[in-house]
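As structure tokens, here come the structures.
What follows is chain A paired twice: with chain B in the first complex and chain C in the second.
The block that comes next holds the complex of A and B.
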């Protein structure tokens, strides 16, 4: 077994194990910190797939941005010193049955479908190609995404501020 | 490793995300489930771009747009959760029934 296969297995195991902990732990902060390892494992899998720039974006945006936002959210929405940071779960049995059904369906689809496999030659680095693509082929979605981000930022500020004025 | 390895990991992540969305009552744990689902979609895009006929860059650009959407979604959703907390002193989603008709 060469080192690449070993690393892929390791990152895959890290991703799946920590995602299972995210879905099943009763403690909210544990779920948050476990999500860190899931995002990191997925970033490792991106590297194994030859997507170096995407792995960097994953670490920057997901771990540096979204995860910190979620942790702030957890701490800000809890009456701190006394409250137990637990996650209530309802209908565990039904949810688990639904999940197993869905997983079986997906795995059936994955292994039965005839994917048109072919290995492309990987580019040395992807960042320059992606940057050129954003300025040429995907210019319109790029600009729309920037407007969306501006709108989301203003909307989030507005929502958070309105509540403060009500008090 | 083949395409199937990544697709299986993507499927497991997706199911775990759906599971946390269905069974959790805390709004932020629910958001974590959404992030898991988006990550599984990203992983599938990149794996397909690597192992099939498509150009490798195209799937990665799609994933970057999904990450942008996830960031916007997380910011707005957390602002709504904060609002809910200020109004109800709780972010258990089954206790938020003020808008029920």
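The block that comes next holds the complex of A and C.
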């Protein structure tokens, strides 16, 4: 087995195993910290697929941003960090049905999507092409996304300010 | 050399061992420097007993640290407590993979080099939070929360300052950024007023923000000894504490290396005539200049309060960095065409 396949397998295993741990651990914070490895595994898979820029974005956004915020949210909420999650429980039927539905949807998406194959070699670098794409073909979605983020930021600031507090 | 580079089973472990050695030696040197420089600044002698000028003191301390018991208190979250130092150390370790040592020589010349460094640093924040929470100790938790809040906030001006350089160089590869600054110190980004004067402002913002990223005075709130005992690593001892310690000094050096690569030419010599001095010497010389500067600042400035910390970040550095980014971009468009 060459090193590339081995690494791909390792990253895949890491992603799946830690994701299972997120779902099944009764400790909320352990689930949060386990997400670290899931995100890292996905980033590793991106690297193996030749998408270096996307992998760095994955780490920066998901680990540096979302995960940190999530953990902060848990730690700053009273009684949340030590909360025991009920795993298993009584609503097994509903859970199973919902899970199956999601699985079906994902499989449908996977098989419906036409995966275009390219005969060209993998590009050495991806960042400059992504940048050019954002500034030309995908300019409108890019700008809409930035306006959405700006709106979210202003909304968060508005919520964070206590009622009746001036400027 | 080609045989080595082509064989990742050989090349990978060798690079890893070299980086680990650099990090260890760096900690020994930096701790010694920190003690000596601070002693001289306060008109003391510093360590003098072991070896001439006490140069073996940190080596002895390191041996002592290895021999210490690994104490794990009752009531802590064992798996997280044990894992945290490795995550923090691993992230600090991984940053060194893209260090450009000389023209065309770096362990890994990634196309997304700078971006990789910024991304990997976010692991440190999660590791610190893990350590602080799992210790089940209020000082640890406060230290961790402060540390992470600070790291996340100061990442913004830091990234914006870095972005100015990336924009001027037209590449995120650390090698390309170095090559761009060739031909003498007046072409270094941090000093080149004729190339893009706004990079000088970015340099200042980068340096201040990097001090906060590596938890140095005046931004050392996460481990403020007088308030929090030791911050997020209060409960750690022995080798696990040593890993935090190594990571901290590795981060100082990494911040220095990145500052010298982005703003002081990296492996570029001071003058073109000084070409015969090898690149790594220039790079580490500049990086240690920043390490000494960090120590100097620690001995000079008092610690900020939490509200002042956030004020400096969001109301001074972020608008400043944004202004530098916009003006630098305009300059790039208008003057350089």
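Operating definition for what follows: the second predicted complex is superposed on the first by the 122 of 167 C-alpha atoms of A that agree within 3 Å, B and C clash if a C-alpha of one lies under 4 Å from a C-alpha of the other, contacts with A are read in each partner's own complex, and residues count from 1 in each chain.
Criterion: a residue touches a chain if its C-beta (ideal position, glycine included) is under 8 Å from a C-beta of that chain, and two chains touch if they have at least 3 such contacts.
As the structure is a prediction and not an experimental result, all values here were calculated from the model.
Asks: Touch test for A:53: chain B only (first), chain C only (second), both, or neither?
Replies: In the superposition, A:53 touches chain B and chain C alike.
Asks: Contact-wise, after the overlay, does A:110 reach chain B, chain C, both or neither (first, second, both, neither)?
Replies: After superposing on A, A:110 lies in contact with chain B but is clear of chain C.
Asks: Between chain B and chain C, point out the one touching more chain A residues.
Replies: Chain A has more residues touched by B than by the other partner.
Asks: Considering only touches as defined above, state whether A:45 meets chain B (first), chain C (second), both or neither.
Replies: Only chain B is touched by A:45; chain C is not.
Asks: Would you sort A:124 into first (chain B), second (chain C), both or neither based on which partner it touches?
Replies: After superposition on chain A, A:124 lies in contact with chain C alone.
Asks: Between chain B and chain C, whom does A:3 touch in the aligned arrangement: first, second, both, or neither?
Replies: second
Asks: Taking the superposition as given, does A:36 touch the first partner, chain B, the second, chain C, both, or neither?
Replies: Second partner only.
Asks: Let me test your reading of the model: by the given contact rule, A:16 touches which partner, first (chain B), second (chain C), both or neither?
Replies: first
Asks: From the superposed pair, tell me which chain A residues show up as contacts to chain B and also as contacts to chain C.
Replies: Shared contact residues on chain A: 53, 57, 65, 72, 126.
Asks: Which of the residues in chain A end up touching chain C in this complex?
Replies: The contact residues of chain A facing chain C are 3, 29-30, 33, 36, 52-53, 56-57, 59-60, 63-65, 67-68, 71-72, 75, 81, 124-127.
Asks: Spell out the part of chain A that touches chain B in their complex, as residue ranges.
Replies: My answer: residues 4-5, 8-9, 12, 15-16, 19-20, 22-23, 28, 31-32, 35, 38-39, 42, 45-46, 48-51, 53-54, 57-58, 61-62, 65-66, 69-70, 72-74, 76-77, 79, 87-92, 94-96, 98-99, 102-103, 106-107, 110-111, 115-120, 122-123, 126, 129-130, 133-134, 138, 141, 145, 148-149, 151-153, 155-157, 159-160, 162-164, 166-167.
Asks: Contact residues on chain C for chain A in the complex?
Replies: These residues of chain C touch chain A: 8-9, 77, 79-80, 87, 110-112, 115-116, 118-123, 125-126, 129-130, 133, 141, 145, 148-149, 152, 155, 172.
Asks: Going by the contact rule set out above, which residues of chain B touch chain A in the complex?
Replies: 1-9, 11-20, 22-29, 31-33, 35-36, 39, 42-43, 46-48, 50-53, 55-57, 60-61, 63-65, 67-76, 78-83, 85-87, 89, 91-92, 94
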